[in-house]
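Order as written gives the chain letters A, B, C and D; numbering starts at 1 within each chain.
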Amino acid sequence: MLFERIESPGLAHYSYLVGDGREAVVIDPRRDCDIYIDTATRQGYRITAVLETHRNEDYLIGSRELGERTGAEIWHADSQWDYRYGSPARDGQSWEVGGLRLEALHSPGHTPGHMSYVLHDPSGTPWMLFSGDALFSGDTGRVDLMGEGRMEEMAGLLWETIFHRFLPLGDGVILCPAHGAGSVCGGGSISPRSWTTLGLERRLNPALSYFERSLFIEKTARAHERPPYFERMEELNVQGPAPLHGLPSPPPLSPGEFGDRAGEGTVLDTRSETSFAPAHIPKALSIGRDAVAKYSGWFLPYHLPILLVDEENDHEETIRSLVRTGFDNIGGFLSGGMLSWLRAGYVVRSSGLISSEELCHRLDQGEQPFILDVRTERELDTVGRVPEAKNVPITQLPLHLHEIPCDREINVLCSSGVRSTIGASILQQFGWENVTVILGGTDAWSSTACPLEKPREEPEYTGA
Amino acid sequence: MLFERIESPGLAHYSYLVGDGREAVVIDPRRDCDIYIDTATRQGYRITAVLETHRNEDYLIGSRELGERTGAEIWHADSQWDYRYGSPARDGQSWEVGGLRLEALHSPGHTPGHMSYVLHDPSGTPWMLFSGDALFSGDTGRVDLMGEGRMEEMAGLLWETIFHRFLPLGDGVILCPAHGAGSVCGGGSISPRSWTTLGLERRLNPALSYFERSLFIEKTARAHERPPYFERMEELNVQGPAPLHGLPSPPPLSPGEFGDRAGEGTVLDTRSETSFAPAHIPKALSIGRDAVAKYSGWFLPYHLPILLVDEENDHEETIRSLVRTGFDNIGGFLSGGMLSWLRAGYVVRSSGLISSEELCHRLDQGEQPFILDVRTERELDTVGRVPEAKNVPITQLPLHLHEIPCDREINVLCSSGVRSTIGASILQQFGWENVTVILGGTDAWSSTACPLEKPREEPEYTGA
Amino acid sequence: MLFERIESPGLAHYSYLVGDGREAVVIDPRRDCDIYIDTATRQGYRITAVLETHRNEDYLIGSRELGERTGAEIWHADSQWDYRYGSPARDGQSWEVGGLRLEALHSPGHTPGHMSYVLHDPSGTPWMLFSGDALFSGDTGRVDLMGEGRMEEMAGLLWETIFHRFLPLGDGVILCPAHGAGSVCGGGSISPRSWTTLGLERRLNPALSYFERSLFIEKTARAHERPPYFERMEELNVQGPAPLHGLPSPPPLSPGEFGDRAGEGTVLDTRSETSFAPAHIPKALSIGRDAVAKYSGWFLPYHLPILLVDEENDHEETIRSLVRTGFDNIGGFLSGGMLSWLRAGYVVRSSGLISSEELCHRLDQGEQPFILDVRTERELDTVGRVPEAKNVPITQLPLHLHEIPCDREINVLCSSGVRSTIGASILQQFGWENVTVILGGTDAWSSTACPLEKPREEPEYTGA
Amino acid sequence: MLFERIESPGLAHYSYLVGDGREAVVIDPRRDCDIYIDTATRQGYRITAVLETHRNEDYLIGSRELGERTGAEIWHADSQWDYRYGSPARDGQSWEVGGLRLEALHSPGHTPGHMSYVLHDPSGTPWMLFSGDALFSGDTGRVDLMGEGRMEEMAGLLWETIFHRFLPLGDGVILCPAHGAGSVCGGGSISPRSWTTLGLERRLNPALSYFERSLFIEKTARAHERPPYFERMEELNVQGPAPLHGLPSPPPLSPGEFGDRAGEGTVLDTRSETSFAPAHIPKALSIGRDAVAKYSGWFLPYHLPILLVDEENDHEETIRSLVRTGFDNIGGFLSGGMLSWLRAGYVVRSSGLISSEELCHRLDQGEQPFILDVRTERELDTVGRVPEAKNVPITQLPLHLHEIPCDREINVLCSSGVRSTIGASILQQFGWENVTVILGGTDAWSSTACPLEKPREEPEYTGA
């Protein structure tokens, strides 16, 4: 028997490989799909079917390439949309996998045609529930993707799905959702409890305490951020993303070559926040290595080649993150990193760096620096606000540039320094010259003159 | 948060790495313990404690080396025995691991001082149960290790453990036992359902249907085979096994060198059954590569160096299996495999090979070959007997050699050919000259004159 | 500075990656070309050119795919043929690679338009000679590829190339040929001296002792075996082989599926000779794992899918060998190996096995078995003949089947047992029923009644 | 036949594995010696002897551990010193390795008892010369290790070695020295020509143009820097370094733990120069990842535990570099890197950063900043001097601190920024507060007011 959860960090995406008797099924494959073929083949399994839980909006699905390479059949959920490949899965349809059986369960709410799949053990007992984006560990799927006008309708459907279709399967059923903590597909509070069951969710998932349909709708029908790249993912997933056949291998570029191409592309600098600030290529966009999966879709344009700056010659993880969200056009990387650029005598830009401690000290001395706080509303509510700071969530920054003064030093604040550096690089791209990143962020905040202002009480439910 | 199940095939041993907030705990580590250090370190965790569920009898525990290399504290269960290292864990004792908490739960039955560990999530809810050898997927731990005289007592304790201590934790709790299907530590029917919960066990585990204490005792208090190496494991685990510091790397030996050393060691031939039969080194013991973990402890003497014959130069998995059960003295391997032996003109022995089809054909023609069936009693009961065959389970063969005729061709039968080849090699070691392995075994049996005789009805409970 | 020799075993093919100052050149790339891109990129080099020494006849060149994936320019030798891609390299043309310079040197003999490339160090001194198939360690390139009628002409050109163009470069120059020992592109005696120089060759290469042109021609103008797949390689290399984009990953097949497909494909069994003989799928062709690269082109048809039988689920090396010679159509592999086939009760065939010792014993007893010796003429000359044996080199066997008696046991002999097993499988494919492989071959020969008959004296030159 | 050159970057150390007929010999093994065992074993070779060319001063030799783990005999050169293990190799002694033969050649100069080893091919022809630290590609071994008083004597011996013992072997012999470009064991100008022959050296090695003994002595008898760790290496290599049994795996430490231990250890920060400057732990020593092998022995004390700061959790290469020079006491690494330190609100220090461009601009404006140039004398001579700069080679900095003003901003200059950052961190360790690194260094220098002053003419010989 084969059961593997394949985790794609950054997107916090979980896909699954389930097999028995030499046949295997993949649920919600990612685009760089060699891992499923390799894992299955090495253990003697052949992939015969690919099951999708919904039309994904946050990454490119690997079904088409996986189908072409293995001969597996592809079964789509959300058949109300016009898929150009594969076949629609029907509620109640089932697939034999050796002695096991997978059964499709229509589970609308996140999308209208969302399907979950119940894995039955050879005795017919429900064993696992592949719940896609309907139910997560500690959270439920967001219901705002059909538009704010349909949020209550979708929330009602989700209530029905969870209380009438999922929970009756029994507390002992192992829950296998499509995402873990950090994903943008939940209500914002997916738990780090990385393995869970329906019983644990019944006890610990805040949303599952709203037995009453109208209360559930009231609590979960909320709008969330919608990254601009979602639309492209939705479109390409219906068409079928272009096959990758292995990862792209962008060429090393000398400083001269890199400089020549930089004018017609986007320079993406994935170095750490301390590395970026003192010296970077003019107009470079900073997204730290671990944040590429999450923020590329917000800030990178699709129509320009991407030129990478890093401190290593091995960009595999960065490239995986990029192609998973459709950024296939990677023009090269700066060979030898920034040091080679500097030794070649090319021009660099810098931004300021200040530790939270120093900034707090300045505040306590009575100074009044301009602080741009790029954290989310939720963080402001739960962690606390810096009084006097201007708040613009990092993802909204490009739309609110006109609200930022041009003639002052801008001190950018987040919880750590990672998003601040993204923000600082965006401001610099648009011409701001005096930009400083606050290292350590609110995590290290310690001003007595200007302490974090916490909300009066904890919000009752942080689930959605 | 860190949760990894480390699986050691062959022994079907599961150990676990659980971490939060940069600290990690290992439960029941195996002897080749680099994997825990590497996995934890790479993700930024430090191993601070090792928890044992019981004095293991079927493999060498890695606690001592892991403790020495990481500084982790070692906590033993079964403190009634005189451990030379580490400290005894007490019922109810708990360990903080970041925001998580592990709590020891005295759970006797398999051994008197067996401990399980309940992992509580940050809210205090029971999340996972590390049940050691008390409760498995589809089976319970064997209760005969304290001797047949105490089996009923131990079974009663196990009933108490399962019904009064485990099940009240709730159906949603994820069950993390120390073994999967194929282990010798269960009652013989651990399920291939590789991930499970208390709820699933309540529904699917045959032993958990015996709510009534006396019925549970009646059904589970059974004696099982006890491999001769158990005693050595028990002793060494209490003393603390010698540190490995990486795997041994036995040297390649030329045919001449190999031959010279073979006289003072055991030749262990791990090639496939078809390879072994036509040409092997005289006195070689055959144990196919995948069976080494399971059968070495039955047939390999500890006091002699082991000399390996295989078709590959990479013996890593074989060596891991050997050291996990204390066979550290590996003298070398035959460089270039059997082909080099043959080209050097050294003498070889052979055994016969016959496919099930051919043998069945001979039976159907009226011949009466001597068939030695080395399958277990259970297989005879569930799969069926070959009438007229002499039955000696493979593990009992060395004790029953006097029952095998010396003057006839011995046709050795198992379900496939793997154990038959072990059996054939043992017979040849002791001087039998006319030995034939039945390829395909009972899986391919098709005699009409001599069909497999199935028992009248399925046994009601195959659990123990 | 970057210098890597990439070795492809089996074909004994050497390709080279040479770089300086972030640019790199590949000489004679193999078809599975990821290794050049990965090696160069990891060290910060970009592949800017691919240089070919000649139109290869023994493997598919990777230039086209490498050019497409890196943007490198492709430079062909042998421009008298009509290449569909790339550009012709001219004698004397040179390429700057950082501070290094490569210069083309017309070096006919093996082919008419063969080019070698001299690498000059920054001072302009000749440093390395990439000699393609003109000069090897201990041997020269074969000159019979243009047909026997032109052998003397080509040998004369080769004499000119070696004595007038190569040797004047100086003894200290490092020689980098396209093949090592075992290749079919030399005169048959490429030396295992794996690194060499022009000075060492002048001293040790037998062919280089024939200073006199006519003597050189007399000694080297000899015809060698020409595998049937050469023609296909020559044609595809001029057209440009189809891009691979990663290795094919054939699916695991159950015994039933495998059996269904076997009828319309070629079963290729790569197990060892001892494994193959006692039990194999009817009509299976045996080519041991390490011999696939060398013998596939002789015995595998191109128009049928290949179905693999092995003892491992990892066939990477076998698949690499197959695609390097254009066998891209691999239909699957038998999951679980022969054991699964046997357990499923499917029919098997067997051939006999006898050790050299036993056979010699039979000969010494006066028996007169039929011995088919499949070694080459050269081996007969240098190692010795078995009197009375029928000699047919393994590669010629399909053309000489009518010379083999059908009504006797055929004992197949080679030096070890590897080629004998190929031969035995071919005889069985064509209906011979009583075929036996001699394990250990002539390496283990020890008959007194029938000793190996050595030629009276060593041949003066074994070079070609 | 087996020939592998094992390269250890940083130290630019080359060791060799040479085998034939299943036996292999290692020449000058490094301390982390698994690579020899793994490489040999995988190809079916057993290591039977370890040959040392001299008592190494720049790294710990792996002979003792390799001998203990494989049973190989150890043969020392420099037997005038009192080795506690192994046996002395004698001039002319030879070792059979399959059909090959290695012969010891007394080759004093670098050390008094230095041995080289000539590899003879089966015909007896000299094929390769393992020349240790006597002769390198483009350079000769330094002769000052016995003290300046004996330099001329040693240079005379080296002349004898090279001209009377090496060159007569013939131009075609492949030269296999113990170091490549970057090593401190040559005269300072080992060539990047990574593969070479005696013929190429005769033509290209400047030292080999001094046929005349007295001229050779005059040119090569020069004193070079002697890192403080040499003495420890020399002592331990005679005693036998402690066995490693695998690499140490230092534990991840939280910021709090790291801070606690930092007081009693050395914080070694291996991040890039741009990362280090803006934020580092007080008293941290900066040595960029790629420079660890080269500079640890100069600046790290042996008696304190080392605490690592990096941006990755994988420190394997750093740890290898450290243990190769005897820094075994690695106390841990900062888990989560500097970001975790900053988020915890711990105090950081910073140094300034200025690009060469900016500094040159300031110079051209007439400013007079204090410039500390940490390049070597040779670089000053060949690349040029910055007028007015204070020159102290980086390795001499700790001895010349009193020459650096405390009350000015110190702008540290090297060729790139790497050594400047080391220098800046040392100054900060000793209390300097206003320290700035010049990014891009002299490679990017462009001042018109203060151009690099080149020496009037190129020095005639840069070899030693």
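We adopt the following convention: a residue touches a chain if its C-beta (ideal position, glycine included) is under 8 Å from a C-beta of that chain, and two chains touch if they have at least 3 such contacts.
Keep in mind that what you see is a predicted model, and the values were worked out from it rather than measured.
The set of chains touching chain B and also touching chain C is given as A, D. C-beta contact counts were set side by side for B-D and C-D; C-D has more. Centroids of chain C and chain D (each the mean of its C-alpha atoms) stand 42 Å apart.
Taking each chain's centre as the mean of its C-alpha atoms, chain B lies 50 Å from chain D. Multi-chain contact residues of chain C (touching two or more other chains): none found.
Within the complex, the chain C residues that touch chain D are 1, 3, 121, 123, 125, 127-128, 170-174, 192-204. Contact residues on chain D toward chain A in their complex (touch as defined above): 271-279, 311, 337-339, 342-345, 347-348, 350, 353, 355-357, 415-418, 439-441, 443-446.
In the complex of the two chains, the chain B residues touching chain D come out as 22, 34, 37-38, 40-47, 69-71, 245-246, 249, 251-254, 313-314, 335-336.
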